[in-house]
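These are the structures in question, set out in turn.
One chain, chain A, appears in both complexes that follow, with chain B as partner in the first and chain C in the second.
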Partner chain A sequence: MVKLITRRLAVLPLILLAVATVTFALTEISPFDPVEAYVGAENNVSAERKAEIAHAWGFDQPVYEKFGRWIYNLAQGDMGNSIVAGGQPVAGEIASRASASIALVGGALALVLAGGLVFGVLAAAFRGTLFDWLVRTLCYFNTAAPSFWIGLLALYVFSIELGWLPAGGTSDPRAVEAGGVDLEHLILPMVILALTQYAWFTLFVRNTMLEILREDHVQFARAQGIGELAVLLRYALPNALIPFVTLIGTHLAELIGGTILIESIFGWPGLGLLALDAARSEDIPMIVGITLCASVLVVLGNLLADVTYRIIDPRVREATT
Partner chain B sequence: MTKVHVASVGAGILALALGVSACGGSDKDASAAANGTLVIALPSQPENLNPIASENIYGGNLKFFNGLLRYAKDLTAEPDLASAMPTRSADGKTVTVKIRDDVTFHDGTPLKASDVAFTYDAILDKDSASPLATLLDTLDSAKALDGTTVQFKLNRPDPAFYDKLQVGIVPAAQLVGKDIKAAPFNRKPIGTGPYVLEEFQPGGRIVMEANPRYFRGPPKIKRIVLTAVEDENARVALLEKGTIDGAGIVPKLASRVRRNGNYNVHEVRTADARVVALPNRDPVLRDPAVRRALFLAVDREKIVRGALAGAGEPAYGPIMKGHWAYSPVAEKPYDPDEAGRQLDAAGWRREGDGIRAKGAKKLSFTLVYPSADSVRKDIALAFASDMKKIGVEVKLEGLSWDVIEKRQDSGAVEFGYGTPYDPDIELYTLFHSKFATGDDDFFTNFPKTRNAAIDATLDSERSTLDRNERKRDFVKLQEELANDASWLWLVRLRHIAAISKRVKGVDPQVEPHAHGFSRGMTWNLENWTLDPKS
Partner chain C sequence: MSASSGALRSSLNIGARRSQRLAQAMQRWPVSVRVAAGVLGVLVVVALLANVIVPLDDTAVDLDRVLDGPSAAHLMGTDEVGRDLFARVLHGFRISLTIAVLAALAAVTVGTLVGVLAGTMGGKVDALVMRVTDVFASQNHFLFGILLLVLFRPALGGAGAVMLAVGLTHWPSLARIVRGELMSLRERPFVSAAIGGGASRWRLARRHYLPHLMPAVGLAFVLTVPHAVFHESAYSFLGLGLPAHEASLGNILADGQRSLLAGGWWIALFPGLAILTAAMTIGTLAEYWREHLHPRWRSELEL
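Right after this comes the complex of A and B.
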């Protein structure tokens, strides 16, 4: 186990380097023009002045030079300065925006877990009933409907037409305290983000449960006269942790990627919206900074999942030792 | 593994989510303060609050700064930090400004002439990467002669220079020797203006507090919050809920806000025109006869009634009606029959499908508009339908600017331009052939017009300080532009803003296309008052 962890952590820098290289290469072929983004559309800036601006910011350097300079600065702990952050250091801007995204992703994870467990387990317990059919049909519908569509629909229905929930932002702008994250504001974006993972997770929990309910030791427990509820809670439920570990391990990346859409729909000032702004302005230091942070999270999530698999599932332990 | 573990993992994540979300409780004091707060929604948050790094001279000034001059309600320049109007030397190449001696920055340090010189020199410094450098191309240097006198040296007499003396002045001590494009000052601005920055939440809100030592007396509204709401429908929903007190709205939604009853809906006259630029290298649009015919076939009144829901006026040229340099020379009535006759004469005849053609060439072109702008889309649709009536096919495409920029030589683009200030500021870069050279001139001379007569009037109007002579040049320019017809003006918008009826003192100024908080609707924000909530 220790060996697994050290080995993975040792490769992490290499992974990050590879991610940074690919990101730099992608920005090179991106259609966006950083100077135009900097001076704004429909602004009368002459071609000479644009060239000077490009030079001052280093936009005109060849990509390998940009990359080399970036690596050199990174080695000294400097991730560069960002245009979309008004020229401020990348690291500081990411740190100040991280809490909004952590609240969103954390809340969505919790919702997926709670909702998936409850409905997946119940659907399995009441297999073949109308309830089971309803849970599954809604899951298929949810899988088929794109999250930005559901998000916009929810925004129009609950915020704009019904007025039940705030239409975007992390807190009431009128509040006297410094802007933070308000629960009322969190609900809609959190639910919509959770919905991107909810369907497969619920169905996965349901199938896992059905398999377990068919296994010998569960049948044996039933034969001993233990009640159905106790069977569910004591024997079957712990196994639903396996889909959850998979959620953390392989779908965390999707959840993080989903924040870009959700944050832009709900005007949520987190890292997803920042990533979008940075991409539109071809703000390379910021794009690379956010990509690396997301990569670290995904690698750590994977590692956590692998370690947990080994703890909870003896078969994995045997197969890898 | 037991269920206890499952539950604790879930609880941990929930705690993580709720831990961050646990704030927002309010007590009596807080609600009293919130009552004296004015919340205004902008479509997006400004990234940079430093006037030197701002996109245009009007945009970057969020009431944290003052310029040497400012525009009065009627757009005449008047002293702001200056103690009197500037003086020009006989050759027009030296401009001297005396500044007030009773002004302090937000940090308490007094304003000096050296701060003014520093601000202008910093814009000229290539390392600052200032987008304002093009605007100040006529400036060679700025020098403090003593504590309250600044001298500007120009490389030619510049009749529009007073319009350029409105850059927000920054304290030199905060920025001297620093890399301005990356300075912390860009998000912690310190100026002389009526409001002081209290909070900058990246991507979220900006909170401004009244400056108690503002040299014209502290503003009446003590706290102003600017929040970013991109979606035009969401802005209206927030107005209806009372979450915000003011916002810019699109014409279509104005009646909905009027019905609400809590808002005054202000329609501000602007110079902001929507104009279709017809590239001179397009295989169909290269013929000026075709372009002139299209000009006659636009039903501008109908676009105003339809796409603008009445909030606008027809536009025929680059200078707005009522401006000192305006000429009605291009004002021609809607005449699709005459347009058809002119196209017939130019050899474009209607074919079986109703579209005109000349030989194998069809009279057809693409019109691209920025897709994020619903008003521009509606205008483009109306334009295409007018063109269809005279047998011209216009294919519409809504794209983002980054993609539109790659298509300079084929197809038309719907732009938004217009300034109510000195026309030279904008028109020279839009029409002079100097700006039709490379590939980097998309937002300057987009059609790549190379017209000697246009160049001559532009060079002549900026060679003199005499307004009557300049007016003659601008009249000639408007004539030549109508003749060349590379730019097909459609309408000028009225900008619409809804502001709570609790607010008194709103007295809008005519606006340019791109404007910030120191212009237009909010130019006199520091004089507004706010009635308590009933």
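Right after this comes the complex of A and C.
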């Protein structure tokens, strides 16, 4: 287990290097001019001044030198300076916004897991009934419906028409930073973000449960006269949980991407909104920084999934250690 | 054998036989697939002929009818400057679907080319190409697409940048399938036989490789279209995609967001329903097609 973790963590810098190389290559290939983005579209900045800015930021250096400096700085945790953060370092701004996103993604993940498990198991237990049909139809509907559209409709119904929940933002961004999560403002974005992923989980749990319920050990338990509820929860569910865990890692990336839309609709001051602001101001260092952070999270998420997989499945543990 | 059957086929009317086969296949379609095909067909025809059948003007401003709810005169109501929402959604559907189809085509082209490159070159090229593929595959489509949009929108314009953003994010799974398929094809007896029979590279590619790759490529294309519709509308909704004056579904949804506080729920509701319908119908058809082609692709072609 320790070997697995250290080996995977050792690969992490290599993955980051690869992502950094690809993003660097893309910025070099693209005709995008960071100086123009910095001074703004309509400006009367002279060509000399632009050249000065380019020189000050090192844009006029040869490609290999720029690449070397970018990797060197990155290795020290310096991802450059951001335009939207008023010239402050990218890393600091990302760190200050992270807690709001962690609260949002963490809450959504918990909802996805709980909802997916409950509805997936129930749908499998009542397969072929109206309830099963309803769960599956809602799931198909959910995978096809754009999250931001559902978000807009929920915003209208629950905030504007019914007035149950605040329409967006958080009353005090610093409260989130300090760790005190503003639950009232978190509910809508959290639920909508969870809805983007819950259909996959529910359908997955349902189908795995149906497969396992056909297996011999379940039939045997039934033959012994064990109640259906105990069969479901003690004989089938633990087996269904195993593949379920691996999905969490891969879908974490989707949740992170989903925050951009959800945070924009509900004005939640996390990394998604920061990425959007950066995109609107053509703030490349910030977008690249967030992309790199997302890559790290995906690697860590997959590692976490693998570790959990080993803990809960003795077959995998014994096969590899 | 292949030469004689090829001659036989070309002597028959292939077109008529194909349509006959399609008609036979359609009789076996389950109800859900028939409904999906019908709805999608109607939507596409209506969107394409929006101006021809009914002269609907999606730009006519009527300031006496600002933010009117759905009525007989305006089926989906009017927007914040009194434009007919039904006409706008139809036009938006056409714009969004066109961009999505082109974007999916771009993604499939990239995926096929990369897969063919890795699968035919082998060795170090293959290893390098597949590591690059891994990097792209590990990125979140949406976030990485935004980076591409910002980088290339000044040069390519909104529509072009959206196609690029979708095209450069949705190719890795297809590239892996194409590569794997090519690698296994190379070892098959009929390919060895063709090589032994003196078939040229071109003939090998055209007669033996391509027909085996087409189902995967075609299916990847169909499965990518709904994703591309979502990406276009999401990017435009955020103001990063098409310019605001182009009535794509995403831009109409952005109008809808602005009108929510004024109570104009219909402007947000209907364009989303259009996206939902497109995604559900294409998804149903693609899923049915996939089950018939190759059950194994379910796990691999997760876009």
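Keep in mind that, in the parts below, the second predicted complex is superposed on the first by the 245 of 321 C-alpha atoms of A that agree within 3 Å, B and C clash if a C-alpha of one lies under 4 Å from a C-alpha of the other, contacts with A are read in each partner's own complex, and residues count from 1 in each chain.
Here, contacts are C-beta pairs under 8 Å (C-beta built on N, C-alpha and C of every residue); 3 or more make two chains touch, one makes a residue touch a chain.
Bear in mind the structure is a predicted one, so any value in this text is a computation, not a measurement.
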Partner chain(s) touched by A:155 [first = chain B, second = chain C, both, neither]: both
First, second, both or neither for A:280, with chain B first and chain C second: both
Chain B versus chain C as contact partner of A:241, first or second or both or neither: first
Which superposed partner A:52 touches (first chain B, second chain C, both, neither): first
Which superposed partner A:31 touches (first chain B, second chain C, both, neither): both
Partner chain(s) touched by A:146 [first = chain B, second = chain C, both, neither]: second
Partner chain(s) touched by A:196 [first = chain B, second = chain C, both, neither]: neither
Chain A: partner with more touched residues, chain B or chain C: B
Footprint overlap on chain A, where chain B in one structure and chain C in the other make contact: 31-33, 155-156, 160, 264, 280
Complex interface listing, chain A residues touching chain B: 31-33, 36, 38-47, 49-53, 55-57, 81, 83-89, 93, 96-97, 99-100, 102-103, 106-107, 109-110, 113-114, 117, 155-156, 159-160, 163, 166-184, 186, 190, 233-234, 237-238, 240-241, 244, 264, 267, 269-270, 273-274, 277, 280, 311-312
Chain A-touching residues of chain B, taken from the complex the two chains share: 1-3, 5-6, 9-10, 13-14, 16-18, 20-24, 26, 29-30, 33-34, 37, 39, 47-50, 53, 55-56, 59, 126-129, 131, 133-135, 137, 181-184, 186-187, 199, 201-205, 225, 227-231, 233-234, 237-238, 240-241, 243-244, 370, 401-403, 405-406, 415-417, 425-426, 429-430, 435, 437-438, 440-444, 513-514
Of all residues in chain C, those that touch chain A in their complex: 131-132, 134-136, 138-144, 146-152, 154-155, 226, 230, 233-234, 237-240, 253, 256-257, 260-261, 263, 265, 268-269, 271-272, 275-276, 279-280, 283
Residue numbers on chain A that touch chain C, as the complex places them: 15, 18-19, 22-23, 26-27, 30-33, 140-141, 143-146, 148-150, 152-153, 155-156, 160, 253-254, 256-258, 260-261, 264-265, 275-276, 279-280, 282, 284, 287-288, 290-291, 294-295, 298-299
